[in-house]
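Remarks on the structure that follows.
Naming follows writing order (A, B, C and D), and every chain is counted from residue 1.
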Amino acid sequence: MTAQTLTERPSRSKLFDGLTRYIPIGATVALLIALYLGGLANYRNFDSPQVVAKLFIDNAPLLVIAVGMTFVILSGGIDLSVGSVMAFSTMACAWLTVDAGVSAPLALVLVLAFGTAWGLLIGAVIHYFHVQPFIATLVGLFLFRGLTLQISDTDVSMREVGFFQWGMTHVDFGKIRDGGFWLPYLSFVAFAVVIIAFVVLHYTRFGRGVYAVGGSESSALLMGLPVARTKIGVYAISGFCAALAGVLAAFATKSANPLANVGAELDAIAAVVIGGTLLTGGAGFVLGTVAGVMVWGMLNTLIAFQGNLSSWWARIVMGVLLLAFILLQRILARSGEKRRT
Amino acid sequence: GDDSDSGDGGGGDGLVVGFAQVGAESAWRTANSTSVQDAAAADDRIAELKFVDAQQDQEKQIEAVRNFITQQVDVIVLAPVVETGWTDVLQEAADAGIPVVLADRGIEAADEDLYVTRLGSDFVAEGRSAGEWAATTFADDADGTRILELQGTTGSAPANDRKTGFFEVLDAEGLNYEIVDSQSGNFTAEEGKSVMETFITTHGLDGIDLLYAHNDEMGLGAIQAIEEAGFAPGTDIQIIIVDGSKAGFQAGVDGKLNYIVECNPVFGEQLMDVVVQVADGESVEKFTPVEEGVFDATQFEAELPNRQF
Amino acid sequence: MSSYAKRLMWPVLILLALIVVNIIATGVDFIIPSVNDDGRLGGAFVNILRRSAPLLLIALGMTLVIATKGIDLSVGAVYAIGAAIACQLIIDAPDQTAAGLVFTAISLALVVTAVIGAWNGVMVAYFGIQPIVATLILMIAGRGIAQLVTGGQIPKVQDSSPFTELGRGAFLTIPIPIWIAALALTALALLTRKTALGMLLESVGGNPEASRLAGIRSKGITVLVYLVCGLCAGLAGLIGAANLGSADANNGGLWIELDAILAVVIGGTALVGGRFFLLGTAIGVAIIGTLEDTIINVGLSSQWQFTAKAVVVFVVALLQSPEFRAWILKPFKRKPETTAPAPVEEAAK
Amino acid sequence: MTDAALVRMTGIVKDFTGVRALDGVDFTLRPGEIHAVMGENGAGKSTLIKVLTGVHGHDAGEILLDGEPVRFSSPKAAQAAGISTVYQEVNLTDNLSVAENLLAGREPRLGPFINFRAMRRRAKALLDDIGIDLNVAAPLSSYSIAMQQLVAIARAVDIEAKVLILDEPTSSLDRDEVEVLLGVMRRLAGNGTAMVFISHFLDQVYEISDRMTVLRNGRLVGEWATEDLPQNELIGHMLGREAAALEQIERAASQHQVEDEAPLVEATGLGRKGSIAPYDLQIRRGEVVGLAGLLGSGRTETARLIAGADRADSGTLKFEGKKVGGHNPRTAAARGIAFCPENRKTEGLVGDLTVAENMILAMQASRGWARSIPIARRDKLVAEFIEKLGIRPADPDMPVKNLSGGNQQKVLLARWMLIEPKLLILDEPTRGIDVGAKADIQRLVAELSAEGMSVLFVSAELDEVTRLSDRIAVLRDRELIAVLESEADMTSERIVDTIVAGGRES
């Protein structure tokens, strides 16, 4: 017997080996399209491209925190502090520029640096002291909501700061009336974040390390991967993204509100998970997260177009749609798995 | 409708109105939503009311307004969660030629041009009304008036304004008062009660003159706590609440509280009139106050049957 | 047993510290129960315990769910549903003081919340949906359902209805909510430790596939656990509603899931499943309950609420970490041989 | 001598809570040598490796690398210093592809970006080097544990290292793969790489190693040149008793005859698409049926269908003459079918639970949660099996994850013996088990079958299969190609011939 015949594997379809991990995201995209077609069939003006563009206008900050959250969840952790960090960042922008008189670009840099530093700190606590991510970041959730309220317990306007006009500057793609749409600069910032995240996750050692740590932290450690750097890194990225989302929110409204973004962390987690990322870590895609955010936005849009639901029916319908979506996604994914074996 | 009106939306008779509501965070708010929805349904000048509940989130509310713009509704009604941050989206509405009416809360003065009119309550005024009653009632309280305050959700506009208005008047009237404690009860009965319980164990109730609760729910929760501690609310301690729901008035009739500053959510019909005026391009006042009153112990009984929520 | 005691040591110390702070701020009255005119036990600490009863119930259910590697985000909504059903049924009836009516209302509310819990369990166990998503659905829809039940109003039960006893009454001078919570704690502790349920739970949470191959009905157990969690949340809702005499579909139990999870983790149960500690959870709940009063007692404004909570949680989390203690104590140890908090390989994954 | 040492560890002490795993151990590794570390399960071999490579810190002692004192803070640091390690359990991440696992942390790059094309090419080359052919783009999880072990070895070999440590790298490998591995090791030794080799297969150790260090109970017994230490002396040193154990191994061969009884298990056309072709197999009462085949030939799948771990999509299974419906692990256990899976870490043990709890898990599961096993009875049973299988440390309350690999395997075995099944399915039960314990387990199988229990026995070691089995089913290409019955057929050579021939026919 030669060495070559050692492993007698029936030649299995390589196609499916490669494709199975795309099933959840594929299902998400297919269902997203189904939702869109459903909207088209039922509502007037739903065919306006602005309906889709709008998903990336209003959800730009959500997209950014969800991208950060994707890193954390892929590594097997969770970050509950994003909503509060985001609100804090917006408030800090306002405070720095309006009250402290710091120039806006500098304020922006300070805020982003601060978000990253916070991520580094909490990541270090999680890694070196083995504090559970849920708890460590829950501290952040409380702390930054508290600090935001300490800065100001009312909303603050930044409209006088010219710099913040930049974010909502429209880029027109044709006239709305002729079936065109527009996007503000801040949507492009969100796109850029997605692209960078995609490249980092899939094409750098750090990114692959995130998957490895999420797959099995102890194995990654024994394989000699830089576990500490990776784990702390993902929280730093999430902190940065949360701060950036706060800045985008500042651009979007030119105001800061101490009670903004309560529960945003749950929206972000939901978007990530709907996008097919496993909460246990190690499996998922940034583009899935984009799809997840779009689903989230699309469900809200459908409810808005429907428009005759009372507050409670709106919630129930949202829950039912989400349920239907998740079950369908699950069924599609399952039949995909079946075909594999 | 019997005659065809200005319908520029595309041939439907009647107006399509988009209403971006704050949320459903309190009984007051739900009453408000119901009132608007019912009024729209009953009103044959209105073809359709698109209602969106933003769950107290400004971003969701902005999203809702943008959705209304895409849907090309005739009028947008906005009950802003916060005062600031509306410039862009209201500008978009203006660019799309859709008039905006504010309901309930207001927005910052600099954006005044971006909406046609505002219909709603004035929280500072509510605070002032409460303060005026307190100032007269305790004017000759020799040893100083000791006050407990149950604030609304920290950072929310009604909480901030009702506090400001109240103490503004007390200061202006030169009342000799002391804030014994002031905590947030988040506008809910649950927290109102638990904070009050803690007030009682920490400070005792002897010597406390007045409880000022920023809304009904917290006030009713506090009344529970006071009763359970073996005191008589309304007698051992005077109580002011804002809002004036049925339950609040009922407590008043039972003698458990002393003063109610109304904050009226039932302005659906009033709102529809304004909306139609705006759609027809009639000129309207920049601010239309909702009809609201203040009630003391002598009026509770008579007013109770009129309460709608 | 000693490892059990060790796990509980830090939370207990924190709780004692908080109590001492309160005593310093307000005097020994804080801890000493007083007897009210109506024969009910009162006083600051008793009040804290009474108010914490709903949180404890939810946290107990949550502990079991977490032991199976799950999480239940819907408990706040289920709380609201339980409260809404009971109150609405009672106020719809002609005679709110009828004992039979109250009994029916309570039973019906509990049945519904148990069914909702079981539904969560089925989604997780049979449909293979991640727990956080499965329960997120009801977290969103649940409050809608509660509002649907109440028609968006806040149903107020007459003070004379026996229903309110559930929240305000006392038995042998001890407030009923404390009784219920204590009974639930004992019952669950017995149920899990005197039968094999606890071990099987830990097994399912620790390694689901191995448990399946060992012949454990892991799906059935999972459903049971979510059912119990739903039931606990419903019961908590009833107590909360009875305490106020009303059901607030929107705000009843709002964000209580975070506090519950927090209590579970402070109590030493890891979120990755496996070993669970019901008594630890109870201590966690007591810490959270006491903390809220402490903020008021030491005279901080409400803006401080969040910050203070963050600080206390951070301190508890750090103290519980052996690596942190080793690191903090390092400068004080003279042994030349000691190592830095070396990366421990058994990272609980 | 001192100057020649590449690695010198002196007086190493390592305490875990409650256990002293290493107690003043000295260990010296010289350049270019292959050094075997020997010892029973739980002797401290893996711990020694982990201390050396910075997984654990040590409580006393000194480590010199090239004469310089070192103390690695993590395996990464050890790697950077030229020590490459394959740890005992497969430590890869199975959500990533084979190629990514092979090259994680050292991916070929273009600028800052990973060059996937080059990565796949290099991964392919690496695997070719040790003679396996996998789809390097497929997720690692799609391969068996044996394949994963080979991937882990390939990964370690690829790291250009001064020192290569292999902790039981061959525990799930076939003899041919072992040959390839030994070849690779010889080649590396020729290039001057020093190697530490840990294995419970004495013939492999004797074939490849230059020196041996023997540990017992965390203490150093001694160091010998391999040729100076005869096998039975080595066993004596390892076990601390005289060569008695060796005899036990000889005696383990099954001695009983199977009566011509009605079959206990009768599988007809049982199969599962994409996993194992339909097969017929009968197991009689008291019979030991062995499954033989190469890696990935479908032995595990065959066993899992009978065990109810996977659902069959064709054929029927009869147990005690009755058709089995709704087959799953729980109903199987209720019928008296016990299944001891091959991958103890992911499918077998619950790491956080104690030894005792892991042992009684199946028994408890079959009783239902409401009827817990009385403490006294449980303690007695657990103590009995700890004794019977020689589980160390003999502490029933120790979390099972803290046990050494071999002892974990014994706990798993105990779990299923406890329910006194009619059919015991053992998938690689002796993987990672020391000679003494292996003999114990083999003897146990023989005894149990003599008492009337049927056993389905899967093992990569053909010797073991032939020695124990009454009949042997041979698999190839996920298909059952022959059942060898006669005494004369039961040899390793016949099995290999059958596999080769079977391949030609199909």
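One rule holds for everything that comes next: a contact is a pair of C-beta atoms (placed from the backbone, for glycine too) under 8 Å apart; a residue touches a chain by one contact, two chains touch by 3 or more.
In this text the structure is predicted, and so the values were computed from the model without any measurement.
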{"item": "Path length in the contact graph (chain B to chain D, fewest steps)", "value": "2"}
{"item": "Chain whose mean Cα position lies farthest from chain C", "value": "D"}
{"item": "Between C-D and A-D, the pair joined by more C-beta contacts", "value": "A-D"}
{"item": "Distance between the centres, which are taken as Cα means, of chain D and chain C, whole angstrom", "value": "44"}
{"item": "Chain centre separation (chain A, chain C; CA means) in Å", "value": "29"}
{"item": "Inter-centroid spacing, chain B versus chain A (mean Cα positions, whole Å)", "value": "35"}
{"item": "Where chain B touches two or more other chains, by residue", "value": "24, 30, 33-34, 154"}
{"item": "Set of chain D residues in contact with two or more other chains", "value": "55, 74"}
{"item": "Multi-chain contact sites of chain C, meaning residues that touch two or more partners", "value": "147, 152, 303, 305, 343, 345-346"}
{"item": "Chain contact topology (line, ring, star, complete or other)", "value": "other"}
{"item": "Parts of chain D lying in touch with chain A, wherever the complex brings them together", "value": "55, 74-76, 78-79, 85, 87, 91-96, 100-101, 104-105, 107, 109, 112-114, 131-135, 137-139, 142, 147, 155, 174, 176-177, 180, 272-275, 294-297, 476-478, 496, 500, 503"}
{"item": "Residue ranges of chain D in contact with chain C within the complex", "value": "50, 55-60, 71, 73-74, 307, 309, 329-330, 332-334, 339, 341, 346-353, 357, 361-362, 364-367, 369-373, 401, 415"}
{"item": "List of chain A residues in touch with chain D within their complex", "value": "1, 3-4, 6-10, 12, 14, 17-18, 20-21, 199, 203-205, 208-209, 211-212, 214-216, 218-228, 282-283, 340-341"}
{"item": "Touching residues (chain side chain B, partner chain A) in the complex", "value": "10, 18, 21, 23-24, 30, 33-34, 37, 48-53, 56-60, 62-64, 66-68, 70-72, 81-88, 96, 108, 110, 153-157, 160"}
{"item": "Residues of chain B that touch chain C when the two form their complex", "value": "24-27, 30-31, 33-34, 151, 154, 181-184, 186-190, 193-195, 197-199, 201-202, 217, 220-221, 224, 228-230, 247, 309"}
